[in-house]
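Next up: some structures, all given as structure tokens.
Here chain A shows up in two complexes: once beside chain B, once beside chain C.
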Partner chain A sequence: MSLVQISSLKKYFDTVHAVDGVDLEIEQGEFLVILGPSGCGKTTLMRMIAGLEKPTAGQISIGGADVTALPPRKRGVSMVFQSYALYPHMNVFNNIAFPLRAQRREKKYNKRSIREKVETTAGLLEIDMLLDRRPRQLSGGQRQRVAIARAMVTQPAVLLLDEPLSNLDAKLRANARDELKDFQRSSNITAVFVTHDQIEAMGLGDRIVVMSEGKIQQIGTPQQIYDDPANEFVATFLGSPSMNMLSSNHFKFGFRPEHFLPKTLNDNPENARIFHYYVKRVEYLGSDRLVYGYVQGRESELTLAKVPSNVRVSLDVESDYEFAVHNSDLKFFDARSGLRIAEQNLAEAL
Partner chain B sequence: MANLALPAFPLDNRRFVGLLFLAPALIYILLLVGFPFLLAIAFGFSDVTVGNTDLSFVGLRNFEAVWENDIFRQVFETTIRFTLISQVFILLFANILAIIFTQEFTGKWFARFIFILPWATPVSLAMIGWLWMLDTKYSPIDYLLLQTGFLGPGGLLSKDRNLFWLASPDLAQISVIFVQVWRMTPLATVILMAGLSSIPTDILDQAEVDGSRFMRTLLQIKLPLILPIMVIALLFSMITMFGDMTVVYVLTRGGPVDYTRVLGLYSFQVGIEGGNLAQGAAISLFAFPLLLAMAIFMLRTASRAEVR
Partner chain C sequence: MALLTWILTNFWTLLLFLLVLLIGLRIAWRLRKYGATREEFSYILRRSPFYFVVLIFCFFAVSPFLIMFLHTFKADGDLYRRPQPFIFRQEPTIEHLDALFNNTAYLDFIRNSIVVGVAVVLITLVLSLPAAYALARLTGRWGERAGILMFLVYLLPPTLLFIPMFRIVVLLGLKDSPMSLIVVYPTFTVPFSMWLLQGFFKAVPPELEEAALVDGYNRVEAFLRVVLPLSLPGIISTVVFTFTLTLHEFIYGLVFIADTRQRTLSVGVPTELILGDVYFWQPLLAAALIIAIPVGLAYNLFLDSLVQGFTMGAVKG
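Right after this comes the complex of A and B.
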């Protein structure tokens, strides 16, 4: 059975449906990422798992027990906030010890076991030399580690992380991502990570839950989500630059810029669709060339191509070329519902 | 950037405009705080009276005379005692009320509104109200106690029909302190409420997820975080109360005997009512170094307790 089971969970704030019927199962030891644009309900969903927000309807169970009506301290969850929410008037030791002291009666901790746990956890996160410092004396990366140590010290069933990397500068972030993943792997803790950053989501998640407008759009591994999007929202939300989306009669079809290449590069032209492509502008991005242009007959829709720099095809601006997309890289969506539709019969209709 | 072709216009001058904006505050401080303060110092070192307003320098004579005066010493002691005792209750009540008023409950707006009234009412008006409440013969409090059998023949509190709120030495002092607490608690509460609502919600959510319950969150998170603001609130109400004369002037005129005579009132009685401006000024100046030291000490404490 899954560690966390969420069924038809809803949260309405007056007329706003922040979370609108979410069903989700989280497995023991998995790194689950909830991804979506801001305002999609991902933080509200996490706050309901934590017990900070009372659901309007639905049920949450953790470890087989229904926790829907329980306060946070009886759920066995811990949380790292985007701001880290370190207690500014306490040193690092007291910050990490705080949840232990708050639960000392239920869990029968004493002074010595608290000290041992704090020191072990701090050692694990390599902050044991900072125990006497105040939060304001720490760097961003150190603060993040203290927040994670404080969340881990009680050995929770589920660790909830609300965009914990977004306050770090870009250089530190990649490093912190790698460390966080390592740490989760080695401690085998179940982690739920909320973010709006698709690179973080792709890099960290065992599975990704894509949310929009309070509803789950798709659940899957990073590869499933990227290669096999369930609907137009998922298809265009992931990927940078995002998927080209062109309209046809009753449907739309999309293809990713990196799959849209000069025909001469295509090794299997029988299984590819050829487009006449007018190149308007080319950006040289180092590893790639980003091409802006129009597909013939669809001049109202800007279409992008991402051509690796190391393929030696010259692309001149304001010129016409033949570009190709492999049939399997063409995705079709219903024009009205945005849902993915089977490709075979539609490929002919193009 | 000023256009050189145009003649200089005064409002283009940054220094001039800056001064213009500062002027109202500066004029207010100079005229209504600075000038009277300097005048009080000048009076304190002279022999000026209401009858003879020539300022002739007499050195420390006024201060020596005041310090030798037994009544002054008692007044000084009473002022400090009243101030300290009332601050304890003000802080206690303000903390409790601020915590209550920052919780969610129905009718919160109305409760807050009712509660702020003592502070919004003009002092003299409120004191006349209390004068009636605490009246020696017609006090409604006495009437209620009489009806419930606490007063009158066979009563638990007194055989008499009245408690003499403002006429018996002990009760008069308690009454004055009580009314001061009633008057000052709202402001302190509002200041503390501002402090409490400035605590980031993330911190409080974090404490909740960490398993902290109401009392732990209050004592270990909320109160330490609003400590600097609490010191400011304390400083405010202490200084206001130390110099106040309205409450006792309306309620007791310092009586019975000298039991409720405080510094502000005594200075007024000697200097204005008694006509001895020089001594009155000297009396009020005694409070100055004390208040100054207190203010410096508390502001330093506040800035040291400031975290972030």
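Right after this comes the complex of A and C.
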């Protein structure tokens, strides 16, 4: 059975449906990423798992026990906040010891075992030399580690992370991502990670939950989500630049810019769809060339191609070329609902 | 006594001497640090008008205290002579200080004021800490309006309320006792300090409390262990402010208590030391000065957080 089970969870703020009927199961030991644009309800969903927000309707159970009505302290979860929320009036040691001291009444820890636990956890995160410092005296990366140490020290059933990397500068972020993943693997903790950054999501998640407008759009591994989007939203939300979308009569079809390549490069032309492509502008981005242009007959819809720089095909501005997309890389969506539809019977209709 | 007399009679000479000494020390220190260069002298010259202006403002701010201090020691005959008021023409005397402490109930006034002040501060904190916290965190739209409404209570002047309040005090059997003030003063200290505290609580990020909730504490513990320590400067300045509110309240103190020995400072001093149109200036000013100095010091210590509290209430409230 799954560690966390969420069923038909809803949260309405007045008329705003922040979370609108979410069903989700989180497995023991997995790294689950909740991805979505800002305002999609992902943080509200996490806050309801933590118990900081009361659901309007629905149920949450952790480890088989219904926790929907329980306060945060009785749920066995811990959380890393976006701002880290370190207690500014305590040093690092006391910050990390704070959750342990909360369980004083149950006499779970004494002074010595608290010291031991804090030091081990701090050692794991390589912040053991900072224990006497105040949060104010730490760098962003160090603060993040302290926040994770504080969340980990009680060995919670679920670790919730609310965009913990967004306050780090870009250089640190890749590093922190790698360390976070290593740490989660080695401690085998169940982590729920909320982010709006698709690179973080793709890089960290065992599974990704894509959310929009309070609803789950798709759940799957990073590869499933990228290669096999369930609907138009998921298709266009992931990938940078995003998927080209062209409309037809009853449906839309999309293909990713990196799959849209000059026909001469295509080794299997009979399985590919050929487009007459007018190149308007080319951006040289180092590793790729980003091509802006139009597919013939669809001049109102800007279509992008991402051609790797090692492909030595000359692409002149304001000229016509033949570009091809592999049939399996063409995705079809219902024009009205945006849902993915089977491709083979429609490919002919193009 | 001889030393005091000497200091007071040579007051102006001493002040001037001290000033010259300070300026000299400052110049000497700079010269020692940077060497006697031409730039250094021009720097000192350039800065001197600034310090001169500062000096004038200092004198302006301090002069009430100065006058109170000097008058305390003046003999009756010296009091109204011109030019006044900074020069001693007769021997300074401490007979008025002596009279203040021994012939009036000044010490009783101080004791009553402190008892009333401390009790009112405690009651105010007990009532306004949770109220302010609730207003800062746990309310929707109506809570905010309720907060404003409660603050409006503070704007009702005691001159409107003292007659009905007097009836209540009599009914409670507290007439002529400082207890009456302890009961009535919270009616204006609670709304006010609640408003101040609310501003301080709002300045504590809500995530810190949420972190404490997730870390295993309940809301009360989160408040005690996280919010309270972080807003301590604000709470202390609220205490100082509430205390001074009770210290200078006049109407209630005058109306509720007729017995001299039960009166507080703000009522007792003017009623005891002004008889008809006779002002006993020296003990009057001494009484005011003695109580003004600790209050002034307390204000100075917490001035920054006090201003912060007012403006936070103004911007975010």
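Criterion: the second predicted complex is superposed on the first by the 349 of 350 C-alpha atoms of A that agree within 3 Å, B and C clash if a C-alpha of one lies under 4 Å from a C-alpha of the other, contacts with A are read in each partner's own complex, and residues count from 1 in each chain.
Here, contacts are C-beta pairs under 8 Å (C-beta built on N, C-alpha and C of every residue); 3 or more make two chains touch, one makes a residue touch a chain.
Just so you know, these numbers come straight off a predicted model, no measurement behind them.
Chain B and chain C, once both complexes are superposed via chain A, clash. In the superposed model, A:R136 makes contact with chain B only, not with chain C. Using the contact criterion defined above for the overlaid structures, shared-chain residue A:P72 touches chain B and also reaches chain C.
Contacts of A:A102 after superposition: both chain B and chain C are touched. Applying the stated contact rule after C-alpha superposition, one finds that A:H89 touches each of chain B and chain C. Comparing which residues of chain A touch chain B with which touch chain C, the overlap comprises 50-52, 71-73, 77-79, 81-83, 85, 87-89, 98-99, 102-103, 150, 154. Chain contact summary for the complex, chain C toward chain A: residues 205, 207-208, 210-218, 221, 226, 229-230. Touching chain C in their complex are the following residues of chain A: 50-52, 71-73, 77-79, 81-83, 85, 87-89, 98-99, 102-103, 150, 154.
Those residues of chain B lying in contact with chain A across their complex are 200, 202-203, 205-213, 216, 220-221, 224-225, 307-308.
Listing the residues of chain A that touch chain B in their complex gives 47, 50-52, 71-73, 77-79, 81-83, 85, 87-89, 98-99, 101-103, 106, 134, 136, 150, 154.
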